[in-house]
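Below are structures written as structure tokens.
Heads up, the next two complexes both have subunit A, just with different partners, subunit B and then subunit C.
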Partner chain A sequence: MMADGSSGSVEIRDATKRFGGVTAVDGVCLTVRPGTFSALLGPSGCGKTTLLRLVAGFESPTRGSILIGGEPMDDVPSYRRPANTVFQHYALFPHMDVERNVGYALRQQRPRIDRSEQRRRIDEALELVQLGGYGKRHARELSGGQQQRVALARALISRPQVLLLDEPLSALDAKLRHAMQLELKQLQQQLGITFVFVTHDQQEAMSMADRVAVMRDGRILQEAPPEHVYDFPADTFVADFVGTMNLFRGRLVTREGDTATVQTPAGTKLVGCALSHDLLSPGQPAALAVRPERIVLSLGAERAAGPSSAVTALRAHVRTRTFLGDQVSYQADSPDVGRVTVLQARTAAGTDGLAAPGDQVTLEWALDVAHVIPDTGKEAAEHGADVGLNPPPKESGR
Partner chain B sequence: MDRLLRGYGAAVYLFLFVPIAVVVVFSFNAGEHVAELTGFSLRWYVEAWTNPFIVEAFRTSITVALTSATISMFLGTAAALAMPSAPRRLRRTFDVMVNTALVVPGIVLGISLLIFIVTATNWLNSWIAYLVPSSDLRLGLGFASLVAAHSVFGTALVTILVRTRLASMDLRVIEASADLYAPPLRTVCTVTLPLLAPAIFAGFLLAFTFSFDDFIIAFFTRGRAETLPIYLFASIRRGVSPVVNATASSLLAMTVTCLAVAAVVFWRRGSNRTEKGIP
Partner chain C sequence: MYRVMGAPAVVWYLLFLAAPLIVLLVVSLGRRSPNGGYQPGLTLEQYGQLGTRWTAFANTVELGLVGTVVCLMVAYPMAYVLATRGGRYKTILLALVVVPFWTSLLIRTYAWVFLLGNSGIPALLRDLGIAEGVRLLNTPFAVVLGIVYNYLPLMILPIFVSLDRIDQGIRQASKDLGAGPARTFLRITLPLSAPGIISGVLLVFVPVLGEYLIPVLLGGGQIYFLGNALADLFFQSRNWPFGAAVATAFIALVMVLIGFYRKAASRLAPGTEQEGML
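Let's turn to the complex of A and B:
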């Protein structure tokens, strides 16, 4: 409808939503630029779906406001908002066939759209999601993936400014989910419609979105391009939730410009880059975060990079080695920092040159791949067990 | 132990259904006497359905049942639709009241409705007499009060059935409709009501059956209106004739048919159509 530059933008201004005593969304500010693919990422119960429902108009904010295409949506009911939703379990109308489901939005328009035009647009929408010829089928005769496509076509048929997707792929099996991820991304680029995508799957968010907003307890912790979120997580929660991360927890000792030092409970001092503005007072909980694939593992006590102040080197012994095909994953115990996960690319066949459980190894990483970030305590509940947690080293390891 | 239980179950069913079976079997009896079987005949059915009193009572019953079931259908559906958006406390109170209407013994409901209707009509009558002294319109017990009384119970039935269906429905289809530009009233017409139709229809049939069968509430609130159960009761006092058997059996056949249709509609069609979008 609108041709100006703000069409398709979503702006959330200090939105808060309370249900009784529970604050589901807590003072969120977020701007989604037109034509981009944004992901709201977080564990279940973090408020991401509620935030989406505020944008769709199914809930109204307790405080704050929502703007779509630059227009305030305060008094605009969901049936007048230029945003359409793809629901988690599709919510297809069970008493209508595919065609009537897809054409539903067209039938609501006044003045009425004539039959042949409706037909043309329904066929076009079905072609778009590769379901041409399925119009007369009944929704319950379709597979999960096909129902998903019907839901997409139904939401896209009137070309909304914004498409809201509420965990639309969560009910699909892994293979289909990957295929749909690619397809969604392509569709978004082809149509140029703003997509806001809610998910608890960090891989999904990373692979599709232009920007990722990581949420926890109703707040956005970090909002940035996926590479940035991965490389420069804002705090330990984001670091742990997105990908696999070694977190060496302790307290902040010093902060000088872009570098900071953390002291672990074992007394080890670790140096890393510090970008966070929340990292100022010595003694506050902080952690050094290093990605497993950034750590260089070498056998024995020699250092691969040679002695240098720009490199941290730790001695450790390997506990487990896991074969992952193109990579090898190690769990190593260091007397200084505890459990460390290392990911090594496999360059040769067989196990030659790989460390084995029990081997003494040296772990090294450059200063610029290690980040000192605020320690927010609680971990991502769904994650946890196998990822980046550092249980204190066994006493026998010393 | 298993066989013992099964035997016990069979005994319970026998106890429940033998009296009914006796009535049905004897309704086809050729003989004049209720006590002895002499052969198969439909003569008592012919006699029953050519009896002007029975036909008239049947017509009254059908009219009352259709009217009260229709009223119940509208009121019950509206109540069920409105409830989810009502404040919690109001909703709780309403739920309790609706359930109470179903479990209160018929005789209590009958007496309280009688007292209420008599009080209400007296009060209204005094106003009519005061406002329009020339009119000799006087409200009292009769067809209308009977319909009103049956509608109370029927509304509770429909409300509960529709609420059950609504609760098991994927409410996101209603949100989806709003999301796809349908204003609230159109969502009700194109999504909510079609999905609730089986429950509404089943509720209508149950309310109809209840009203058609009911003796106790009708006994108190009917005034001079005579329904089929009331007629049967009156004629039994003159002795059990085979005509009574035939009439009762006809009533039974109708009731069972209605209930069976209601059950099929509510359980089979209903659950199929409102299933969530997951295969």
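Let's turn to the complex of A and C:
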């Protein structure tokens, strides 16, 4: 491994990949800093796998270039790139046992690594993924989770600068998946290797990654730490894809510095913070986005926070209440903005003090939790008109 | 239920496999009657003269092996290209491989008689001034060519199937882990296609051993296979017991060869027996 500062970095410069008429990756620029855990997040078919394969060297970009560790990879074939891949379906070598699978990369290195050293590193790699003692097993005698670990050990043994993981957990059941998420994260921190992780599961991306890049139609819409993506989504697509979001769609009325006003089709004017540089011209499609847990719901027409210009208050009536254990979720209808989702922490046992379906309530939120963002269309919103719920995780069967 | 459904198979085997073999064995222990045919007896004297047909044995095994190996060397690259580069034309290209089989073996082989004969390729070579007096027909070369030409599809198909089954991701994983194209071929593709090679070799070698037509047409009596020797023994000299002895000895030899082959193959590609490739 190189010792300079750029070892382990990945730089994608304006990369485009076309397959015939399909543009799978469209002018992507992305810099992954050494030793970080990055997630590529997006719906099925948005080009995540293709982008990863460009980095691995299985595809060459139609335009643009890839740098790993500061070195241009244009003419470097996949077998000379300092990046290894964990494939979605593991791609273990079926004619080799676990040991020979894991040691494969070592046997390819020239000058040769002597046998005792290979032995030592294979054992070390198997220990690392908690498969000590499984060396003589055959790949087909392992469970999905164990095969996953073998694939991981096999890719890590040659100490690549970068590890590329393409939905490595999607074939596992939910429980194992959560365990593996934690393990992967720990492994990455322990080894300090750069991980680039592809997933269409926003929860997975949020919980594991240092930085999340949200993709759509071959482009990266936003690249930021997960908290930032959650709190300050770049547009309605990101807002909708990541977590649950109330989106009140309309048109931009005014923009003054960091505040902007949106007018809904019903004529309601809503004020929120505006960070986007793409939100300048009045009349353009925009939406006010508020997270359900940021909305305060109180019974009756009383305002909980008292009258204030920094607070938006709406009247609504409750349609449904859903018990979620530590939280309660409401669907409420407001004459001004339509359907609103509200999430309330439960502070007491039972249903005392909770609104019930049919109740009149007041919904309030502070100015700084409401964001005016560009409205990029509703393709991702498969649910209600005004309430964006994250799409159900699709099993990607490739 | 299974017993009832298995009955036809049992009858078939008894009638067309076991019974003829027993007849063959019994006849091989008899004597030639003075004017040809079979005279009952219980003697091993027919087996004593097996040595007189040694050339036919040797020719069959030698040219059969050479033919099979050349067949493999031609078939493997073809199957490889079909399986890995065929794209959406894969099935069409594969079907084209089988198309020559739509004409009869006799006609296909006869065509080669003209091509290899004196007014065929040798004449062409002479007229082009490349080589003078080349003889192709009635040589071992012609026989091997006939074998390769006629049996190629039997080699290509199983190899194609085993290559086609290899997940593209596995080859990519190999390259990803530092193995170049050559090493990926040797360490991944070749071993994983071993079951196809093993069954292809068997599918070609065994019927070639019983070949009769190709040596007759392309070997012109100079190159004598066991099948030709047997035809002579039964139809010309009408020495049935000796013919039966030669046939029995040959069957035994083939079984021994296949036995060794299976052993070697299962060591080369473990797990192939379970997959029913042998």
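By our rule, the second predicted complex is superposed on the first by the 379 of 398 C-alpha atoms of A that agree within 3 Å, B and C clash if a C-alpha of one lies under 4 Å from a C-alpha of the other, contacts with A are read in each partner's own complex, and residues count from 1 in each chain.
What we mean here is this: a residue touches a chain if its C-beta (ideal position, glycine included) is under 8 Å from a C-beta of that chain, and two chains touch if they have at least 3 such contacts.
Fair warning: this is a prediction, and the values are worked out from it, not measured in the lab.
Upon superposition of the two complexes on subunit A, a steric clash is found between subunit B and subunit C. Legend: residue contacts after superposition of the two complexes on their common chain; A:Tyr79 is shown touching both subunit B and subunit C.
Judged by the touch definition given at the top, the superposed model places A:Gln108 against both subunit B and subunit C. Touched residues of subunit A, counted separately for subunit B and subunit C, are more numerous for B.
When both complexes are overlaid on chain A, the residue A:Gly144 reaches subunit B alone and has no touch with subunit C.
Residue contacts after overlaying the shared chain place A:Arg154 against subunit B and subunit C alike. It is stretch 25-33 of subunit C, out of 25-33, 43-51 or 259-267, that runs into subunit B when the two complexes are superposed. Residues 56-58, 77-80, 84-85, 87, 89, 91-95, 104-105, 108-109, 154-155, 158 of subunit A lie at the contact with subunit B in one complex and at the contact with subunit C in the other. Of all residues in subunit B, only 170, 172-173, 175-184, 186-187, 191, 194-195, 273-279 touch subunit A in the complex they form. Per the touch definition, subunit C reaches subunit A in the complex via residues 167, 169-170, 172-180, 183-184, 188, 191-192, 269-271. Partner subunit B is touched in their complex by these residues of subunit A: 56-58, 77-80, 83-85, 87-95, 104-105, 108-109, 139-140, 142-144, 147, 151, 154-155, 158, 171.
The touching residues of subunit A, counted against subunit C in their complex, run 56-58, 77-80, 84-85, 87, 89, 91-95, 104-105, 108-109, 154-155, 158.
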